[in-house]
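As structure tokens, here come the structures.
Each of the next two complexes has subunit A plus one more chain, namely subunit B in the first and subunit C in the second.
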Partner chain A sequence: MATHTRYYTLRKDDLNSFIVKLSRDHKVVAPVSKGYGNFAFAEVTSSNDIVLKYIPTILPPKKYFFPQRETILTFSTGRGENAEAILEHEDTVIFGVHTCDLNGIQCLNIVFSERPRDYNYLGRKDKITIIGLECSEYCDKDASCNLMNSNFPNGGYDLFFTDLGDAFMVHVNTQAGEDLVENANLFKPASPEQMAALYSLRDAKRALFKNEVAVDRKDIPAIFDKSENSAVWQKAGEKCVGCGNCTNVCPTCYCFDIADTMNLDLKSGRRVRSWDSCQVEPFARVAGGENFRSGQAERLRHRYYRKFRYSLGKYYRFFCTGCGRCTRACMAGIRLKETLAELVKEAL
Partner chain B sequence: MTKPKIAFFDLSCCEGCQLQLANMGELLLDVLELVDVVEFREVMSEKWEGNFDVALVEGSVTDDHSEERLKAIRGRSKVLVAFGACAATGGVNGMKNSFDLEEIGKYVYGADHKSFPTRKTRPLHQVVKVDYTINNCPAYIPELVEVLKHILKGLPYAVPDYPVCVECKFNENVCMYERGAACMGPVTRAGCGSQCINNNNICYGCRGMVSNPRENAARDIMAKYNITPELIAKKMEMYNKCREEEKNVKKEHHH
Partner chain C sequence: MIKEELVNSNWRVRKGHIIRVKRMTPCEKLFEIELESGRALDYEPGQFVQVSVFGAGEAPISLCSSPTKRGSFELCVRAAGKLTNAMHALEAGDELGIRGPFGKGFPVKVLAGNDLIFVAGGLGIAPLRSLINYVIDNRREFGKVDILLGCRNPKEMLFADDLEFWQKRVDVNFSCTVDTGGPDWEGNIGLITSIIPGITINPERTFAVVVGPPVMYKFVISELLKKKIAERHIILSLERHMKCGMGKCGHCQIDSLDNYYCCQDGPVFSYDRIKNVAKM
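Up next is the complex of A and B:
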């Protein structure tokens, strides 16, 4: 590659050719409509089903890195115990990842890279190419991406698309991204006018996006330090039905359970890990029947602390991306922005 | 190695759970490799006079006769399995418990109702010790096979104690509440793979409730959808009426 340009453009009319070409060599997944104003990442072979303007999908793209259920081991119970680790991954391109979800994937990368490293996650990550897609405006009123600093691109992608009307501005961030651009033979270096259009879109965003809760981000940990016994938890806990939706849709929740299942021959079996949720009653129940978080209010509080306090001590970053999924998925109408606003009000 | 002797029985039910077993298709051949079915009225004429390694009993106890039958089966079985919603939780038979027994007898049998003495509906565990439970109406084949494997390996089977919503989210379904339908998923035990919602139906609660259902929160959620309290109560009771008796009977039968 002769040029050192990191910005290219793709004509909108060429998006379909790009996706069709990509899908010949890779599994390509992108946001598609599920009806009722809901979206999901699903496999596509053209741009026909892709929805470019979508609110965060029901499940975040973490499902491609860390599936809902996965076999991690097969075993047989005969003499000379036999067990084989299973590492399943598939060459995948995720197209259309919003910046909030890029932030979520970055959080999970940190968690699963900690020792002992999680090779099931990391093996998949190696095989996944990420194409981001910028939001030029709010997806809906449940997002708090400005507060969580995830409404602008901040790495974590191979290519990043910004919709400039008749063309996409494409930022190349990695060699894998560069390779996609080169192989597609559809991209052109960005012109100075197009670069100017990108900057003015970003300026417009800075004017449009404001902190969704009236608080300075850096004050949030101190607020949580004061809020352990707040009445807010009791109040929200009474509304909470304990369904686990908020954690299952969260881009940074990573708790899992592991169970062995026998095959019908009753001689061999497999070990399956599946997502677990701190919001469901059995999560903190241990042998003997003791439950370390037996009340729903404690479980709800725990989730908030995992997003806004504990992760700062451990990973120096918030584990809330402001995507708003937990609010949208809550049948009981427990809204993250409202909970935060109440905590802020109490603490000041 | 001799195969374990397994038998099927039915009390008050539609026999749909036994039909599920007969409907397993090729999987049934694999299951039959592992067990010796000695009595199964729905699919064979043979009877077995001896004891059973495993007895799967469908249906609920609704009169004295079925109580005697169940106790006799228990006496002849090493392992007793509550097979399907009626046996596991009382199922739809439990709706009878909302009525006066004399009145409901008249409603069903008219003038002859005295010839059919009836009692409050009870799931099996409210009458005898139950070793394994297969929930669902009708029994869900993958879970039925899973429980069988556990029985044959002598392992305990834990029915999930989290709500159907968990599996429903795994399947990335659009929430029924977003579609404007009141669904029992939030208080109902998972384990069915959210199959009803996967197929565009609501959850009716056929698997019974989680052990500590957040009932008040669930009622509040349903109320937001302009459903009358009577309908909410009916939704809650359709499969779960027998829960009310749980406290009274638990201690008597558990050894």
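Up next is the complex of A and C:
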């Protein structure tokens, strides 16, 4: 009988063999350094370029599920025009996904599987295998993952790696994960001592991670209920330049635009879906000229409500993972933790 | 990278043939469209479709015909953006793409058995016409029917044939007003709110259906509430840019704690559900 919870270990020295083997059959992507303290998920064929200790990548792994630009339809124009809905996908293993980003992918899975379904997203998701990687300490001061309950593994992966020094503890969550382990022939069952090491690492994390904003998570929706007309939005809105960086780097932002592009023959073309941002001025404008979110403060407020309030009613979860990317990417220095702290202070 | 056809994609369009184009004003044209499949578009008054002109893109357009009209459907289109300008260049015989219908239409089953006041401002007459003609085609099911129409000037008056038809009928009361008249104009001059007080209503059994630009709603609703019509008896259709129609792209989300997406939860709402929305 298969045991429900399976733990293996992989010696650190064997990580390279594992990645090399994986990359023979799949595209493997993992965090690599981009310099200046920045990291990005990029294709690897060995473990040489993989950075195991990294702060959240510039873009979250959502780019593999929901690319910045994707063709959803190809067409020919003129009389007798024809159109075909298409999906472009690639068998991919994402290695080294932090728990905050696993949480983000779980949020997007829910959005795109809600009817009417998005089969482009779902088709791509089916071709992706996810290997998580645990953070044993804070990545930096901008994270708020304890507040958002995403600093511990909570499903959403096939395999999950925890760095125990000279070896990785590997939790198997799916049959696809088990198959990777078996095919690699590098993993060994975890010993009781290694299990104890995992538990003590988790205990140390529980002592280290504290709510990054002084509020109980379950009180957040009620605070937002009271904050629609808060001066906090005006204040942050005056700083905000409406660049849309925060939405691009957000693991749970999924607003998009759709536009046609003609091919060079001018007889055929593509309908392309691309990332859009509710922070840019034309986002809620209609053809007649009316703009339903014309001020920057309204647009900024809208984004916060989508993370901390609206999603609770619709999907029963926060759409903030506490990864801190919006703060790091903000050109105007708007800090999510500060904004939340001000709202909390005002509401209490 | 593998590329495959996605047969279950919600982005697929159905081919439509334009069977008639009628210019109504310098800016608006009426398109009559038939699906290539020969099957009728199965829709409710107040719903919308996504219209594609390949190369120009896609845009949401209200259905302005009643589903009681069989076989084809009609769209009233103002040349206001990229897609609508491309549509204006099309003529009878041309093809376009259709997705939908989308959204929640007017609650015709709820309206049955009640008196109805239709209030249309400007282009709001287009979606409202789908319901007005539905009601006229099922006239016996409804009580007293008043139609109040407002627009900027007589030249911008849409659906002249329908207006004449409604005016002649004994079973509907039609009145219309313009902001500024012309030398030939013999009707009312003034805002649409000025003709609401003159209507006799029984608030217990009256529904008001209001469609117009956002600026009109506040004033019309306040007049209707003065007439003691209940908030949930005031039905509105909201305008947003519904890009995907599937409650995902985010463009049509309405700023309210209820988290409505205009494309799926609307575009038709009763006033009690959206009264806290700052900009309707």
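Quick note on the criterion: the second predicted complex is superposed on the first by the 342 of 348 C-alpha atoms of A that agree within 3 Å, B and C clash if a C-alpha of one lies under 4 Å from a C-alpha of the other, contacts with A are read in each partner's own complex, and residues count from 1 in each chain.
Note that a contact is a pair of C-beta atoms (placed from the backbone, for glycine too) under 8 Å apart; a residue touches a chain by one contact, two chains touch by 3 or more.
Bear in mind the structure is a predicted one, so any value in this text is a computation, not a measurement.
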* In the superposed arrangement, does A:M331 touch subunit B (first), subunit C (second), both or neither? -> first
* Asked: Is A:A207 contacted by the first partner subunit B, the second partner subunit C, both or neither?
  -> neither
* Asked: First (subunit B), second (subunit C), both or neither: which does A:W275 touch?
  -> first
* Tell me which partner A:P116 touches in the superposition: subunit B (first), subunit C (second), both or neither. => second
* **More subunit A residues in contact - subunit B or subunit C** => C
* Touched partner set for A:R69, first subunit B, second subunit C, both or neither -> first
* subunit B versus subunit C as contact partner of A:M262, first or second or both or neither -> both
* Of the partners subunit B and subunit C, which touch A:G242 in the superposed model: first, second, both, neither? -> first
* Counting only touches as set out at the top, which of subunit B and subunit C does A:Q296 meet: first, second, both, neither? -> first
* Structure fact -> subunit A residues where the subunit B and subunit C footprints coincide 262
* Structure fact -> Counting only contacts in the complex, subunit C reaches subunit A at residues 1-13, 15, 52, 54-59, 78, 80-81, 84, 94-95, 97, 123, 213-214, 239-241, 243-251, 253-255, 257-259, 279
* subunit B-facing residues of subunit A, complex -> 34-38, 40, 58-59, 63, 68-69, 238-245, 248-249, 261-262, 264, 266, 274-275, 277, 280-282, 296, 329, 331-333
* Structure fact -> In the complex, subunit A touches subunit C at residues 72-73, 75-77, 79-81, 83-90, 111-112, 114, 116-120, 123, 225, 228, 254-260, 262, 269, 271, 276, 278, 283-288, 290, 292-293, 298, 302, 305, 309-310, 313-314
* **Residues of subunit B defined as touching subunit A within the complex** => 27, 30-31, 34, 145-146, 149-150, 152-153, 161-163, 165-166, 169-170, 172-175, 177-179, 185-187, 210-212, 214, 216-218, 220-221, 224
